[in-house]
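Structures follow.
After this come two complexes, each holding chain A, first together with chain B and then together with chain C.
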Partner chain A sequence: MKRWLWILPILLIALTFGVVTAQAQSGTPHTPTDDEVNAVAGQLYCPVCENIPLDVCGTQACAQWRDLVREKLSQGYTADEIKAYFAEQYGDRVLAEPPRRGLNWLVYILPPAFILAGLFILFQAFRTWRIPEAEQAQASPPVPEVGDEYLRRLEEELKKR
Partner chain B sequence: MPEQNLNPATTDVAQIEASQGQRRLTLGWGLAFLAVLVLLVLIALMLRRTQQGPIGIGDPVPDFTLTTFEGQQIHLSDLRGKVVVLNFWASWCIPCEQEAAGLESVWRQYQDSGQVIFLGANYVDTEPEAKGYLAKFDITYPNGPDLGTHISQEFRIRGVPETYFIDRDGNLAYAQIGPFSSAQQIKAIIEPLLQK
Partner chain C sequence: MLVNLGYGAVFITALLCLYSIGAAVYGVQRKQAVWVDSARNAMLLIFPLLSLAALSLVIQLVTSHFEVAFVAEVTSRAMPTYLKATAWWGGQAGSLLFWAWLMSAFTSAVTLRKWERDREFLPWVIVVGMVTLGFFLFLILAFENPFARLWALPSGRVEAHMFAPQGATLFIPRDGNGLNPLLRHPGMIIHPPMLYLGFVAFVIPYAFAIAALITGRTDDRWIRLTRRWALWAWLFLSLGLILGARWAYDVLGWGGYWGWDPVEISAFMPWLSGTAFVHSVMIQEKRGMLKHWNMILIITTYALVIFGTFLTRSGVLSSVHAFAQSEIGPAFFLFIGLTFLASMSLLFWRWNSLKANNQMTSFLSREALFMLNNVVFMGILVICFWGVIFPLISELVTGQKVTVGPPFYERATAPLFVVMLLLMGIAPLSAWRHSTAKTLGRAMWKPFVVSLLAPILAFAGGIRLWAALLTFWLAAFVAAVTLYEFWRGAQARSRRHAEPLPVALWKLAGRNRRRYGGYLIHLGVVLMSIGIIGIEVFQTETQRTIPQGGEITLGAYTMKYDSLAIFDTADNRNAARAVVSVYKNGEYVGELHPRRDFFYDSQQSMTIPGVRSTWEDDFYVLLVDWLPVTAEGATFKVFHNPLVNWVWFGGLVFILGTLVAAWPERETESAAVTAWQPGGVHATGD
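== the complex of A and B ==
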């Protein structure tokens, strides 16, 4: 039994070292990669140069905003929280996707509504195109067969005039 | 030759069905027209809001609140009776740097009189860089971020720097688009407003 006792201090030292290392690692703030920053920046637009996503914008201002995204990510902010922060600071226009409130709903409702309305109009149009054909087949009397002799004579008469 | 349907009862049913179909069609078109009308009204309201022109000279300036970097809230309506100089700037704006020292020097000349108030609205900027800019040019008049770009949208600014002079009655007296060339230019605009 005593032969194994020498292992105990080694285990104790290893355990202490492991705990200290784990604590040090958890205390170190996460440094976001460029890909992580760009993933969030791609969902935002440059507030100054219109219609340019933040991840591909080359101005000094955009570089500052990307640094801000990096800083917020390292502080543990989620992508949604960062977007909310940017919207509060710079207005809704920096968001790639307009927030679902107020008149912004039109952006989400109108396109599908127009598509549905278009489909309905097409459906109605196709129906009205088909009905007269069927009606005609049922209601109108068949055209009497006219002999070739009659046609020939008619054309002759017309030529004479 | 096929027999033609001359039964009056059947003809009536067909006419009733046709008139009902016609009524449904009219109702459908009416609803579609109403929907388009509502849509047009909504678009008109949106356009009216977004396409509103800038505040004209002599027009009353709508009230706004500027929250400074120190957290102080300044309401324009509380500054009635004083001349207000509202400057829009950003740390990434190079022309803003040209006029920064001039604005600060004029502010220091009028500060003690209490008749002129300078306000700096920091336009789409990041706070550390904005504070660095203020420290670099030793700017002491109240400055704060234009949160949500609400103030700049009211003035319909086209860029930075832009400076607006508001008279004692709260009306827009002068708009400077772009940087000032000198401190004298700023004073030359303020002086006549103080005489009124």
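== the complex of A and C ==
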């Protein structure tokens, strides 16, 4: 049995080497492609130029910020984490949309509120303006067949022009 | 000499504006027609005078008189003559003169019409036109004088002044800065004039609306007199937007055509309210309703026209388009505020005389659907307006600047665009005054069934995105309804008058150009929406650095980097021009030449894409300009843009439809009106 003991240290060394190598391989930073960088940079805005997404901005500063995105990606940051990092460093203006908090809620609430109010006013106006059904029945002649009706309406509209 | 002539012409024009306003008001107060006629004659002088000013500026630009600050700012010796001439509207001071010149042309055109029947409008149309023009002339004289010259002061500083400061000598630079490279594009040469034509033309219906409010002539006469003006204004604005989109696609290098940039939106907003207006006025003409609303729409459009110019020119909201920045912002802001308040006050003053003559009879009538359409357009307008001004509000209130970018606009407006398409499909089938679900259903079922083919075919073709399938169905539905309307009308007329179908269609469309032009516009929108879905939903892109001989594959396409040539051009550029071969499914389909040009005079570069365009898609190759471009290796950004050419084709159909709708008809104005009595009585004769 002792004859086989010499294998043990070799096995241990091999095992240790294997584990270390595997760890080293898993820890090797992945080099992100241009597309991966652009996918994140496209969701960010140049902190110094106005209204230019980071993925298409040609300034030297933006090239450096794209490198920073690449670096963060290689460190394992997610897109959301990178966006949060940029917002922390350069302010909310780097985000494509205002974050949903405080005054910024107004940007999301006001337009739908206006549209709903418009629809409500329109609905109320329809109800107020609308002629009662009975009067309507008297005012409107029975609807004839489609072909004749269409021609009549068309001629009428052309006359009214 | 020429600059003095130009400046003098602007100065005299400003005085004439003031005189014209004073004479018109005095004439109407004193009921003395001679003063109003004098105001009109003064207004007629303005166009030749401003043409003289414009001509003197263009001569300065073309002949490279760099002692003129504006000429030195926007031109250089190396620029071709046509670019030097069109640099007139490439900078702030020149574009304000351009605006004023166009305005003078439009006011002169209005003055030349027959005024016998509408004399009560004339003084107030003059006042509104001259107040607007006077404001722009004031900006030119007080802040942005394109004729100011460069003077070397005794201290050694160089400043721009109209007249020589004490002890100063004229400073003549050896060369100018040259036009911003991004503006050296055919689209950008025509795009601003079209937008400005649209902006300026909308002032005319506004002037008539204000005249109607002041005089109390609140029937639909002002609408009938200005409906073609409004359509032409809308045509130019639409054309300006389409050309701007094309310019962005060709020049800005992001592979798209619309970036929801504040300046793009500032041109889009008056278009939205103008679109609501051109639909809504039909309700007033046909049914005598929505008189208040039409006033609100034209007042809003006017305010947005000035606001749009303000956004572009003030630099308050800097963006890729805001090349010019100056101190004219507060003046613009004050003018918009004052004119808006004055107009709304007039409206409230006349509120009771603007009562509707008719009542709504059906929720499904065409007028009801048009009103819903108005809510949709105004909803999109509110989203745009709020998105544009919110960063300023945020900065004012919290000190924190925020960006409101495309994701916000796309998410907020997409449902409204869907509703808009749906209404475009339903409204043409509904009748004025009265429609029921039954009559509408009966008219709609055939186009509805045909339209279902589109999403079925798209699904069979492998498309699984519900948003794309829905939009394809809607586009097909609107197209089917529109073509069905053409066919039904032509068939009915053909039967009645025993005419061949094409003759019947031609005569029918000729009898109501606005109706059938409108249908063509709808078809244009359908085609554009197909293109928009193609690029918004199915666009793909990739970016890679490859050596010479290297390849990039994107979908069915492969591009191979063959060679690169770097050379100087005669107009002072350094060009890096790559040659790439393009293969589709392995088969060679052609060669593209993406390039990067560096302009020595302005020290700026621009990228020009190489594009393979077909009805099916665009294969769009850019040289990434911030990375080294060498024969050994270069970085390319490649886009696959499916169906994008349908946007441009749809745009052409759209413009053609607007031309048909806006084309003058033989109808005489007297046929439209027989009598009018004060007190808001609806007394049209047709």
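Note that in this section the second predicted complex is superposed on the first by the 105 of 161 C-alpha atoms of A that agree within 3 Å, B and C clash if a C-alpha of one lies under 4 Å from a C-alpha of the other, contacts with A are read in each partner's own complex, and residues count from 1 in each chain.
The definition used in the following text is that contacts are C-beta pairs under 8 Å (C-beta built on N, C-alpha and C of every residue); 3 or more make two chains touch, one makes a residue touch a chain.
Just so it is clear, the model here is predicted, and its values are computed rather than measured.
Asks: Now for A:53: first (chain B), second (chain C), both, or neither, which partner does it touch?
Replies: A:53 contacts chain C only, not chain B.
Asks: Now for A:109: first (chain B), second (chain C), both, or neither, which partner does it touch?
Replies: neither
Asks: Looking at A:64, would you say it contacts chain B, chain C, both, or neither? Reply first, second, both or neither.
Replies: Touch status of A:64: first partner only.
Asks: Counting residues of chain A touched by each partner, does chain B or chain C come out ahead?
Replies: If we count touched residues of chain A for both partners, the winner is C.
Asks: May I ask you to decide whether A:118 touches chain B, chain C, both, or neither, giving the answer as first, second, both or neither?
Replies: A:118: touches chain C, not chain B.
Asks: Please work out whether A:91 is in contact with chain B alone, chain C alone, both, or neither, and reply first, second, both or neither.
Replies: In the superposition, A:91 contacts both chain B and chain C.
Asks: Would you please give the residues of chain A that touch chain B in one complex and also touch chain C in the other complex?
Replies: 59-60, 91, 93, 103, 106, 110, 139
Asks: In the complex formed with chain A, which residues of chain C make contact?
Replies: 252-254, 259, 261-262, 286, 289, 317-320, 322, 356, 359-363, 368, 371-372, 375, 378-379, 382-383, 386-387, 390-391, 393-394, 397-398, 400-408, 412, 416, 431-434, 436, 438-439, 442-443, 488-489, 492-493, 495-496, 508, 511-512, 514-515, 541-545, 605, 625-627, 635, 686
Asks: Inside the complex, what are the residues of chain B that reach chain A?
Replies: Those residues of chain B that touch chain A are 1-2, 4-5, 32, 39, 42, 45-46, 90-92, 124-126, 129, 145, 147-150, 153.
Asks: Note which residues of chain A are touching chain B in the complex, please.
Replies: 47-48, 59-61, 64-65, 67-68, 87-91, 93, 103, 106, 110, 117, 139, 141-142
Asks: Which residues of chain A touch chain C once you look at their complex with the stated criterion?
Replies: Residues in contact with chain C: 33-35, 38, 45, 50-53, 56, 58-60, 62-63, 91-98, 102-104, 106-107, 110-112, 114-115, 118-119, 122, 125-126, 129-131, 136, 139-140, 143, 146-147, 149-151, 153-154, 157-161.
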